[in-house]
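Chain IDs A, B and C follow the sequence of writing; residue 1 opens each chain.
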């Protein structure tokens, strides 16, 4: 497999039986995708589009019904090497509380390395470094339940960082946070990608988070509807709205103006860009 | 005035090392039929304030008068207050517990001691108001539903008590864009059809701008601003100083005007912005 | 409201006692408790009091806390006192209506009551000077030799840690659910025992569902962080004996050994 490719998703489908009438449903349908090393990929979709299911297949928490997922060349079906996969592709979940295991912050960050059997001195170094990166060093010996949502998520991220993964998957990490917390987490995600060269997969339904990515995958009913750079994706205002998604207000304004016969660049994503073109 | 608050203060854990003044001398008055937006950073006292409105919390000092009944008056029955002021907490679907959707929504009306036919009528009406099909869903378990639908059941449970004031704490938290739009539309429909006073607590300036006709801004336990959306969002520098934002579209119009273009900048929605920009562009063309 | 309850009542500090290895403290507490059951005369109690006083002084514990720990159990202490006072046969001192107080009864009741007081105080000394995590670690290490005979020491310790971690969170959740149901007219306060039990359903059902959901999420998160049980796990803060631990352990073993021996000697 190409050295450049961190994650390869090959014709993957996931079946489950419906809770209500027990019919077979497909959460993900024949999806293929390659994620490059160091890339920042955002996966957009409304609730129920299959994005969470996809996320869990990447680090082998669930296995595809059909198709294969390769992380660094290792197939997630390989039971012997599943722990290698999970230490390479870490995952941060939506609920800040339900990821924290220990009664003090540094013990929780140490949880991952402890599971990997890393020697104590090395664990100490990793924990301290990870907390530095997420800017939570001063809370090292605090109790987690007293932290804010954004702080808890950063502790969770530190816990993954301490395992020194190449790739981090974020499953709607800001869905339960307030604006301050969202910003903290997003800044951390960007930092991890730009400064630490981590491959990032960010699952979200917030457009303003997806605009920061290198590429965006839009999912609907378990299928890939669009895959491309943010500029290309957000200009398709009608399509996005029909998929139950949103676009930045300024993008929508341009779209509305163009409906009236104007011909402005339709890949505007920020306030500054819009001021410039008008 | 349906709600009157006079010099309300609340202190958590008084006399301990964890003492915190959550509300500091808050005074305000709400008229029947208003649609209020309550904004403020986390920890500004919004939740604390809101829990005083239905007597879940008692003031450390100050007075609260709901529809003429003072909460400090011993003879005021809390049950009546909780019927008059309905409070929907964040993630209300976490309070669902009954075997069927019907029973869960009926919980509130039953606690009010209403007769069976009245309870039945209330459940039907509430389900209709939040867009849930009565026949299809009444006997289903609430736990079978999707997150957004569960939330509607929870809201219906409060609406069924026919409150005069409905307080919603971040009703769109955790929902995707479509879910958010649906809930907000239902809230607006509720407001228009049922002649109810609504207090919406939210972090989303765009949502607030779209719906409310008056905004209260909380900051560090004090009521720091009180005015119409246009007034409040016009004071963007002050809001930013308090850690709050303004709708993206308003921000854009301000920046645009600031760079020398002749437009109104007290815009709240995309439609208004569109109209303003079109006017500007056509004006430029003619010039 | 509910989150003001401090479980385990740990009183943080940096004293010599606080810094001792938790295993030492657990063993010393066990010896303390054992000695209380062997002591059969009054005079060894002087040493028990000295021991407790020395620990309190060294660990800089506020006496208020110790007394607070006794309050909830005051009832049991009084009952013990009363039963021994009136039920012991022997040389009658005086009579109170149908009840007789004997000399032996007086001695017995004071003795037993003191034993109870010391028992409670001694255990709270342990929890006051040892954080819940340290206690859990200590218990896990002490129990780990028994892994060979099938005792799931690691799993028990993990369960305890997670429980301790989630107690404040679940208390918060209980508060939220209670308030939400009260906003719908639920009444958790009035009524007889039966009514109140029934009224708890709107609180308990959501709480349990919530707890199960958390457990599910947490298990997934733990798996994602490569948790696969206790084998091969290392620890950030390994417990290890320092010189002081050996000194205290040996010293205390001798001390309590002697106290136990007083039962058989003079």
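As a convention for this text, contacts are C-beta pairs under 8 Å (C-beta built on N, C-alpha and C of every residue); 3 or more make two chains touch, one makes a residue touch a chain.
This is a predicted model, so every value here is computed, not measured.
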Overall pattern in which the protein chains touch one another (line/ring/star/complete/other): complete
Relative to chain B, chain with the most remote C-alpha centre: C
Inter-chain centre distance, chain A versus chain C - centres from mean C-alpha coordinates, in Å: 44
Centroid spacing, where centroids are CA-atom means, of chain A and chain B in whole angstrom: 31
Chain B to chain C touching residues, read off their complex: 13, 51, 54, 56, 79, 82-83, 86-87, 89, 92, 94-97, 107-108, 111-112, 143, 157-158, 161
Touching residues on chain C, where the partner in the complex is chain B: 4, 173, 176-177, 179-187, 201-202, 205-206, 209-210
Interface residues, chain C side, partner chain A - complex: 132-133, 161-162, 164-165, 168-169, 172, 213-214, 217-218, 220-228, 232-238
Touching residues on chain B, where the partner in the complex is chain A: 41-42, 144, 146-148, 173-179, 203, 206, 243, 245, 247-249, 251-252, 255-256, 259, 261, 270, 273-274, 277-278, 281
Chain C-touching residues of chain A, taken from the complex the two chains share: 56, 59, 61, 83, 86-87, 90-91, 93, 95, 97-104, 106-107, 110-120, 123-124, 127, 143-145, 156, 159-160, 163
